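Take a look at the structures below.
The same subunit A turns up in both complexes below, where it pairs with subunit B and then with subunit C.
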Partner chain A sequence: MGWGIRAVQCAAVLACSLTAGAEGRAQTLTMGVGAPVTSIDPHYHQLSPNIAVGHMIFDGLTSTDGNARVIPDLAESWQAIDETTWEFRLRRGVRFHNGSEFTAEDVAFTFQRVPNVPNSPSSYGIYTRPIRQVEIVDSHTLRLKTATPYPLMPTDLANVMILDRETHANATTEGFNAGPMAVGTGPFRMVSHRNGDRIEFERNDAYWGQKPHWQRVNYRMITNDAARTAALLAGDVDFIDQVPTSDLAKLRADQRLALSEITGLRLIYLSFDHSRTEASPFVTDNDGRPIPQNPLKDARVRRALSLAIDRGAIVERIMEGAAIPAGQFLPEGAFGSVPGLAAPRADAEGARKLLAEAGFPQGFRITLHGPNDRYPNDSRIIQAVGQMWTRIGVRTQVEAQPWTTFVARAGRQELSSFLIGWGTSSGEASNPLRNLTASFDRDKGYGASNRGRYSNPEVDRVLDAAMRELDDAKREALLQQATRIVFEDVGILPLHIQKNTWAMRRGFAHDARADELTRAQDVRPAGGGATR
Partner chain B sequence: MSSTTAGAPPAAAAARVETPFRRFVSEFAESRLALLGLVVFAIIALVAILAPWIAPQNPYDLAQLDIMDGRLEPGSVGGSGITHWLGTDDQGRDMLSGIIYGLRISLTVGAGSAILACLVGASLGMLAAYAGGRTDSLIMRLVDLQLSFPAILAALMILAFLGKGILNVVIALVVVEWAYYARTVRGTALVERRREYIEAAQCLALPTHRIIFRHLLPNCLPPLIVVGTMQIARAIALEATLSFLGLGVPITEPSLGLLIANGYEYMLSGKYWISFYPGIALLVTIVSINLVGDQLRDVLNPRLKK
Partner chain C sequence: MTVFLLRRLIQAAAVVLAMSLLVFLGVYAIGDPVEILISPEADQIERERAIQALGLDLPLWQQYLVFLGNALRGDLGRSFVFNEPALQLILQRMPATLELAVGATVAALIIGLPLGLYAGLRPNSTLSKGIMAGSILGFSLPTFWVGLMLIMVFAVQLGWLPSTGRGETVEVLGMRWSFLTANGLAHMVMPAINLSLFKISLVIRLTRAGVRETMLMDYVKFARAKGLSPTRITMVHVFKNILIPVVTVVGLEFGGTIAFSVVTESVFAWPGMGKLIIDSINVLDRPVMVAYLMIIVLMFITINLIVDITYSLLDPRVRLEGKA
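Presenting the complex of A and B:
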């Protein structure tokens, strides 16, 4: 062995490590996300950041694309073989991160675990509840029996991440958070997790689908809006989500940055007190005396309040264009949205006329409540609505409170009118219809977030028919009919649908998702192929 | 100035000099800076009092605001024809009007809470000094407890409990500030009550309340005035902080702190004026009060006499 060979060896090692270093940098993605992940256990807490991280580590039987349409995931195909049976054919050759093979047994195990996670703050059990019986036909075919026809099965199952029967037999939520149990079939493995601070991932090179571009991903939680923007500008992170609207103009103008946006599924709306026919607590006449009959029960008054609002001005001036004016639950094109049901044009004159017809030519006084820390610009929006209502003679006081205080009061029907939002995770209209405008019914699980207690038997009847209809086209027509009734009646008053915005350094590209999820597999180098 | 007798106790000096007020005025006017502070403060107070007549817009009347006028640059003309010399905020509120009305809230809250805290604190301090013994210990331990707590934290806790609103802000400020007055008054009163004139009053068997209010209290006033002035400035700053954190006034009736909070999100976007001008107004107010307070302390403190 001479010096020569040594030198060559050294050079080779050096060269290797150098290229590896450059490669490593190029293949690392550092993301700054605005909402903290509360748990790695995919069945513990239904929360967008948790779901996003779940999508990186785990897979469901079905999934959704960027526009919230259902696509195959661990199930290659599915069909309803009779009124109450769904058959799923599973993908073959899929392995968990620890090498264990994915089979129908794992799915059955998962469905058992989902409703039984202890202390779950918001359980995923609602997605598995309709399943009465799981029948394993063979290792990769599964039949799910329901008591009544259940058309939403493939949609719902996109929320349920599949775990391994052997690995996760006695898995606890703490086990997931600590790391050892964070084993799935997804495109990334979790390397480390510091609660509320950061998660590190590395690519799952044995992933069955399109492999993500990034070898390593740093998922940092930066909850302060200004700090997150500053981290991107300083180059500490490559990519951020939840771009504050006040920074949009500046970031758009910055040559070093790129933005990606998509119309989301979160509706910001006003809810009214429908629960009282007698006086409503925050409505008075112009002298401050309670009005014996709740004016908000009168559809003409609600229509007047809707006509008073210039949604375009709110979107343009307050949301900085990061929203679209809304006339219904979902943006056009979504399943169950009504074609042509646009946001009403502002018409102060027409609004005053309607008020006069309803017996309030001089208007009345109202307090509009809302949160000040939940939705982008929430307290600014209610002030703007206050301006517009005051101008038609409904003198409005505005009260913004922290979310926890506010939502508790709204949930106890203590308020007369308030701003709140709803993210339709399923991307189809039955979800908001059941949750926001169906009559409150604890046993059916309907109207769970119907805090104004709107109740219209016609809506309930059409919705019930839709929920029994397995034929997609017929079901969509019924959902559209119910939606139309709700908004003609102004059961709730839609303001706008938020756009989801992400910002990244030049050289990165992102496939935006309507469901707000921020996932590393959706980010790729600009100019490269799609990664999904 | 010529009649100043060095080393004489203030009470005695005041009793000997023919026109103590004139002497006080001339001593105060020795500092040009303090005079300037007084003039500026007088102007600010006048502007605040006359707000409804001089502000171009009533910034608390939602019907007069239009979001289409939102975030206009200083000097632009809005849809209603008003020239916004200091620009507008995100709701289309004229910043000049917002600041004028905001000063009104700040001064009311500052002065109101200082006077109330002075009443509560001075009474308790006087009681502690005069009664002594267990009452004294109890009150002074309460004072210690209060002073060991960061004021902002205590105020936050009180507001979280009471809820928002101007009255609640005043209550919170009184609760966090009374201790300063109590300590000051007790210290002075302990010295004063051993003096001959109190002993004389006691020998005459005057009723206790008469001794306290007619003899002891007036002689404790000078340090109380100094603390009071400083505490007004402190109360204004504290109110601004609470409003900035979203716990003070209602969002449709912004004080200076809330105006600053409304604007600071737009700082990165270059819309400086929403935070900047209310900030300047707050700064000028507090500095002018402090200048006056500093000079008052110098004039009223015998140990600092030349």
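Presenting the complex of A and C:
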């Protein structure tokens, strides 16, 4: 691939023809996205590409900005009027693409539909479940009652796209995919949809908010990384997402291209087997015999394993700079992140000392698992970690597997230590705390992705308090406290937070989003505003 | 002929049934679709709901019987991911794959047969040696690499052809075809060539071997002695006789091309069945995987049948009744 890109830089003739092309179709944006959209029904399958397309056709009551902060959308304002009631004031004069007016009735209808979409493999019902009762005060005011105080209501509702009661009364998922039901209040109308190939949009000229620049948008799915980059270089698409880290340096040097980048919300971390106090399946002593007491239950061992890792080296050499070393769930500045809780500096000497204190002066043997097709460079990262652990005496074998088999094993607690990632779509710390490090508890719905089964009563107690706290400042302090306890204890071992990168032809600009969504309204001609 | 066809159909039904069981068991053995499909933020209650909604809470034998019962009524299940009938999804994608496979096969015959014939008739000329050397490249270069190189040269560097995608399509008989528009054809050229490289080499080698063998046959010598022109000997007597292996292999290859054009389709973002199946495997969309494999089984059975019938037309010595 390398020689091709370099050769292209010499092809001056082509460069000229590209510029001419850009002027000719200035009103049309052609995007190449790496992940296929599986459904146009905004309540059928919770998946990033579907959410991105949902944002183009529909609106939620709330939304999030590029840095994942909650902003008004179809609701102009909201407040908690008592412990268990949220009041939302809706925007007036908003119309759906077919002219139908948006009112509180539509919101009530939407909340009813969300948990009842047939055959949904991943429902948005988790966001509407806390709502016990919907009270329509007037055509544009709405009260949502919950059983217990629920501070995350505005955050959660950013995920729920609002449909029209009149239009969508009996709408099926197929009706959305085929087109007739793809009617929302959003900045674009869907013109056509060819499953797994492309979606065509045109601008909704009656959009209530800031109208997007593009008259037409061609949203093409090109899942092969090399082919997507090639399509950009050949000028077939104007804009691509999920730029492979191995192409970054070359694309950056290419005069005909521009890149947009933002620190994301996806943490790559290592999870440990906390579920067994006795022998863990992939941990043995140096002679290959099982160790009767699971060493990973000892915080000193986990701290040693964390200190052994040179996160800076992984970020620089493997991730080619497309990540930042992490010491907690979220980048600093996000809601609930702890100021100054940086990634630990690599300290092999200190790590060996901690191991000796914990009773393993000679170390032990472990197998580190991970996926090989899920996160950028995933299998290379676990190889690097394996070498760093081996250096402090923990002789590490590395085993990378396809995601489909790996994640099933991890979910059954069959592994001792493994690499996995977490994207905090809500952009605030309660989300990873509840899902990754709260004790596994079906009734509370906590710890569902806590595959290592970390459990710390102290974390649970502070988190419970935070989840009842409606005051933002107090809640943030509690979330910070819980976060501090988790990482003091190395409940999970954070490695890095990925950066999200998009590439576009010169003449285009993009407002990058921390939540990885690729939306046409974030792209505009260059020079028309601030560039990040 | 009728007895032959009947026997063939019964055999086919047995093969399909056996395959359905194998495929179902095999697909069931990989991973857990709920883990893959569900939003990571889903809690335990939502996970249980999803397992139930997808029918994964039933024991395996019940799931198989449900599948078999529906399949007999022509319903191969609904895709977990798209919530649309799996069969319909696959058939929607079929024209794209079909036209690519036909394009590749036609290219293989148009290019491969003359070159193979030439190399067979003049085995010692430099050009023939060049052709044979080239065919080795066609066999051994990996498809994804050739595909990327084609994109790099003809799309990125020269800008002659579009890099990826299917281009404009026209709707005929309710299906979308791109070979009927100039833009669509331009999009088809590179993937079709990429897919046919292996086939071209195959046809060249088969044709050459056939020609060299046939030229030594008594009836060719006799025809020559009779004073027939070399053109007539080659075109009628030799050509017809070398076609049998070529037809067999090209037929089977055609099936393979439809079923397994996965690599080419993903490199060129060609929205065909191959891309659908690879995407479905990645998210463990079991109904689509099973339906796809069942269709492929049916297709191979049909192609084999057609090949057998073609034999009898090309060579009167082949009697279908005796062969089943």
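Here is the rule we go by: the second predicted complex is superposed on the first by the 504 of 532 C-alpha atoms of A that agree within 3 Å, B and C clash if a C-alpha of one lies under 4 Å from a C-alpha of the other, contacts with A are read in each partner's own complex, and residues count from 1 in each chain.
The definition used in the following text is that contacts are C-beta pairs under 8 Å (C-beta built on N, C-alpha and C of every residue); 3 or more make two chains touch, one makes a residue touch a chain.
Values in this document were obtained by computation on a predicted structure and should not be read as measured data.
On the shared subunit subunit A, the superposed partners subunit B and subunit C are arranged side by side without overlap. After superposition on the shared chain, subunit A has more residues touched by C, the comparison being subunit B against subunit C.
Once chain A of one complex is fitted onto chain A of the other, the partner contacts of A:Trp403 are limited to subunit C, with no touch recorded for subunit B. In the superposition on chain A, A:Asn116 makes contact with neither subunit B nor subunit C. Of the two partner chains placed by superposition, subunit B and subunit C are both touched by A:Ala226. In the superposition on chain A, A:Arg442 makes contact with subunit C only, while subunit B stays out of contact range. In the superposition on chain A, contact is made by A:Asp197 with subunit C only, not with subunit B. When both complexes are overlaid on chain A, the residue A:Tyr44 reaches subunit C alone and has no touch with subunit B. By the touch criterion defined above, A:Ser77 lies against neither subunit B nor subunit C after alignment on the C-alpha atoms of chain A. Here the smallest spacing between CA atoms of subunit B and those of subunit C, following superposition, is 8 Å.
Looking at subunit A, you'll find residues 226, 230 touch subunit B in one structure and subunit C in the other.
Subunit A meets subunit C in the complex at residues 1, 4-5, 7-8, 11, 14, 17, 32, 36, 38-39, 41, 44-47, 118-123, 125-126, 129, 173-174, 177, 194-198, 220-224, 226-228, 230-231, 233-236, 373, 403-405, 407-408, 411, 422-423, 425, 431, 435, 442, 445-446, 448-449. Contact residues of subunit B toward subunit A in the complex are 61-63, 65-68, 70-71, 90-92, 164, 246, 250-252, 265-266, 268-270.
Subunit A meets subunit B in the complex at residues 225-226, 229-230, 244, 246-247, 249-250, 313-314, 317-318, 372, 379-380, 383-384, 386-387, 390-391, 395-402. Contact residues on subunit C toward subunit A in their complex (touch as defined above): 30-47, 49-50, 53-54, 78, 80-84, 89, 92-93, 148-149, 151-153, 155-157, 159, 162-166, 176, 266-269, 271, 275-276, 279, 281-282, 284.
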